[in-house]
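Each of the next two complexes has chain A plus one other chain: chain B in the first, chain C in the second.
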Partner chain A sequence: MLNHLTANIRIFFEGAYYSYRALFRWLRPATYLASKVFAPLTMMIFFVYIGAYASGSNNASFYVIGNSLIFAASSGIFGVTMSVGGERWSGTLPYLFGSPANRWAMFVGRAVMHILDGMLGVFIGLGWGILLFGLDFSHTDPMALLLAILITTFSTSGLGLLMGCLSLITRNVMLVNNTVYFSLLVFSGANIPVAELPRWMQSISQMLPLTRGVACTRTIINGGSLADVLPLLQVEFLIGVMLTILGYFLFKVFEIQAKKKGTLDIF
Partner chain B sequence: MLLAFEIELRQNMTDGFVLFGILIQPLIVAFMALWMLKGKGPDYAIFVVVGSGMTGLWTTLLFNGGNSITGERWTGTLEPLVASPASLRVVIYGKVLANVLQSLLSMIGSYLLISLIFGYPLTLSRPWLFFISLFVSVVSLVSFGLILASFFILIPDFARMVNTLEFPVYILGGFLFPIALLPGWTTPLSYILTPYWAAVALHGAAQGTLGTWQIVGTWGIMLAFSVVYVLASGRLYRVILRKARTDATLDIVGS
Partner chain C sequence: MDAITVNHLNRVFKSTDGIIKRKVKEVVAVEDVSFEIRQGELFGLLGPNGAGKTTSVKMLTTLLIPTGGTATIMGLDVVKDAAKVRPRIGFIFGGERGLYWRLSGLDNLRYFASLYYVDEKVAKKRIPELLEMVGLKGREREKVEGYSRGMRQRLHIARALLHDPEVLFLDEPTMGLDPVGARELRTTVKNMQSANKTILLTTHYMFEADALCQRIAVINKGKIVALDTPEKLKENVQDLTVVEIELYGISQDRIARIKALDFVVDVSVEDRDQRQVLHVHTPKGPEAIPVLVENLNGLRLGRIITREPTLEDAYVRLVGGTEN
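Coming up: the complex of A and B.
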């Protein structure tokens, strides 16, 4: 029993570490920094300036916070998806499914580094917000902010795990990923207040990860307490758990179907 | 060139990432911009159509036009292409032209979304000037694509850094907000980008905010840039081919 547990913990963390390393090892540090620091910054600037053009520069913090949280989705969706789907592209999926390793530890472990990476991305985004747009943290509870970012990154990684499973059964994974990612820009309230969206879009917003995370982070940075946002954060966490379980279920279904039909490596 | 154009067009039709860049992303950007820029005056809807269309144009030019040579390398067809009597530059011109013309669907898609689905009245203030501007923009952007494609080969890290070039040009090109909002030191950077002049001409003609001679001036600038790009590309493509033959790296990805 104890041996099993130790092995699963090892698989969990080794899977987390190696899948992340495999994803980014080929990048040089400058390229990695460019894609992690510079590219998200330019996307943030683009939306902040559209916002400034629309409603004046006083509203910059709304867009800075919203787009900083989008960085969590970037790691959560693209990073996690590629960690899972990359096994197929690199031809390692048969070995993975042929091994006796615990599937839950193997599957969920893929998200761990990307949650940390996503949190780092959010901090970098908020840091750019302070430097370039004077984002004010004087009324912010740092622990509440940290918790909100952690839960939001976790919930978007749950979506990434689900998308990762889809990447095992589709060739157009980047089309699906990019569409989901850009849809989050619309539905999550990062750039448009959810309350201003049509009713049917608001219903979709409420079902997605990130929406509540963005709202909570804005509230906390503007001086709200953890108690103010706790109910929303609980739901955000629950969405993340549900997406992870759904992703794991699909992962198992895919494994069974692929083994039955012999389609593990077929695109 | 026409054959390269046709093959590129056919290949793009089945590429999900291309379809995303041409149709889905610009429509999402158009939707967001439409919502965010509400209340910017009567002409803002046509401003959004042109601006979001320009984002699709640039994204396609950057990722697909830019990959015109490296794409051949990945599929193992670069060697026969170089060995054929046709000029590599002409073939690449045909491929980039296909990408740029196809990306005009971004603008048409945004137009249909905003006009038919959201019901905004859309009129081009100066249609003839707009369509001539569109033609000159295509010429200029395709010429720019020739240079971009060569960078993918000549600068080893360029392909890896390409993601970082998408939004800066959206910003510096003034696609969806005036560059006057940006810090003054960025203005010269905008001026040396042909997408900026394309956006100035198209926005100006669509909204009627520029005089005829001002628009003609932007055509002159874009055509001057085109001449420079085409001349420079001649030199760059000679360097690429000489280097590839000397180092025997024509089919080696990442070299």
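Coming up: the complex of A and C.
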């Protein structure tokens, strides 16, 4: 029993490590810098200035924080989806499903590296905020900030796992991903205050991951304590857990579906 | 106990077409297939492209759910006991996909060892042994993207053997390999059989099945059309002689005319560059040549020979003549 548990923990972490290296090794230093450092910078500048132009106020920190967390969502959604979809493209999906490996360890483990990567993305975004827009951390509790970023990245990775399992039944998962990603740009409060949205859109915002994470991170950076944001963070965490569990069950359902339809190795 | 039993296995694929009026199309890939494979036997599943070989292997390796019939591996049902079947089998599919190209050969093996719950100590010992066996020792730290096709195929074999499975499925393992690579791989397969593994090998290369397999099932259009030892299969055509005629540009009408001759049992046409080779199976032997030449009047003919039938001729006769 204990041996099996140890073996599953090994699959969880080795799977995370090897699948990341196998499927994301194209991210060499130059491509990593371009996609994870400079592309987010241009996006951040875009939203800071368009936000200032549209609202007439100069509240750069609102957009810097919002977009830094969008980078986490990008890593969570696209990265995690590709970590499942990439198996289809490399033709390794039948070999994974033909193995006796525990599906939970194999599936959920894939999110680990992307959570770390997403957190790094948030730090890079906030770093640009300090350098270019004078983002002020003088009143920030660093541990509370770290926790908020970790939980937000986890919850968006949960959404990535949910999207990723769609790769088992369709080749065109990236179309769905793009829609989900742009929905987060609109609904999460990263660029438009949730309170400014029409009521029906606000209801959608409250159901999504990221919304509460963005709000918590803003509060913490502006001097709020962990206690102030804890209820919201708990819900954000819960959303992440629910998405992960739902993703796992769909993964199991779609595995059976793919075996019934014979779509496992179509690429 | 048989290592593999297959009882009336069926697989129908459904596909839909159209946006508003969706048409459902059904393709029968495997139909009423039954056979048994003894423990330690090297069994060949031989058939042309699209005959149902890979579909059969996918069902036996738990990757595809049959639409009818049952199959067991070491007494375990491939659908109901799929989780118990997986640790006991190893499989490879032909072609180059299915490996992580950006990882080294060694990392590929390490990762799959963990997926198969191979103890770390055991893996450390077994991986170098397997690398040695498949001739990749010294190249294991290179990325798979730099491997030749043959090396990738041999890495696949090492991967399939990591957990020391009792039953192996090799689906066209020599597909696309150069002759030297294919020969090396066949030697590896022979070695695996001497290690008392039960092996199901699919191929459309006759000589490969003849050289390796103890028994062969010939599958065509989803159905088993013959099942026997290579020798017995050859016996089916031993009363015949094969007349081979090299020619240029034979038409379907002319083939039909040859087929209709009363002393002709079967005809197949093989393309060789610009030439074609007509294989005519006949009990008449060399005496058939003048009549055949007369019926090919007007065509440019090359070399004409007669020979003893081979397993390939038996196979061609079983799966139908004019397929190349």
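The rule is short, and it goes like this: the second predicted complex is superposed on the first by the 262 of 267 C-alpha atoms of A that agree within 3 Å, B and C clash if a C-alpha of one lies under 4 Å from a C-alpha of the other, contacts with A are read in each partner's own complex, and residues count from 1 in each chain.
The rule is short, and it goes like this: a contact is a pair of C-beta atoms (placed from the backbone, for glycine too) under 8 Å apart; a residue touches a chain by one contact, two chains touch by 3 or more.
Predicted model only: the values in this text are computed from it and were never measured.
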Using the touch definition from the top, say if A:134 reaches chain B (first), chain C (second), both or neither.
neither
Per the contact definition in the header, classify A:7: touching chain B only (first), chain C only (second), both, or neither.
second
Touched partner set for A:259, first chain B, second chain C, both or neither
second
May I ask you to decide whether A:45 touches chain B, chain C, both, or neither, giving the answer as first, second, both or neither?
first
After superposition on the shared chain, which partner residues are touched by A:106: those of chain B (first), chain C (second), both, or neither?
second
Partner chain in contact with A:18 - chain B first, chain C second, else both or neither:
second
Who does A:97 touch here: chain B (first), chain C (second), both, or neither?
second
So in the complex, the part of chain A that touches chain B is made up of which residues?
27-28, 30-31, 34-35, 38-39, 42-43, 45-47, 49-54, 171-172, 174-176, 178-179, 182-183, 185-186, 191-192, 196-197
In the complex, go through chain C and note every residue touching chain A.
11, 13-14, 55, 58, 61-65, 83, 86-87, 89, 91, 93, 95, 97-103, 107, 110-112, 114-117, 120, 159
Touching chain C in the complex: which residues of chain A?
4, 7, 10-11, 14-15, 18, 21-23, 25-26, 90-92, 94-101, 106, 256, 259-262, 264-265
Using the touch definition up top, name the residues of chain B that touch chain A in the complex.
16-17, 19-20, 24-25, 28-29, 31-33, 35-40, 157, 160-161, 163-164, 166-168, 170-171, 176-178, 181-182
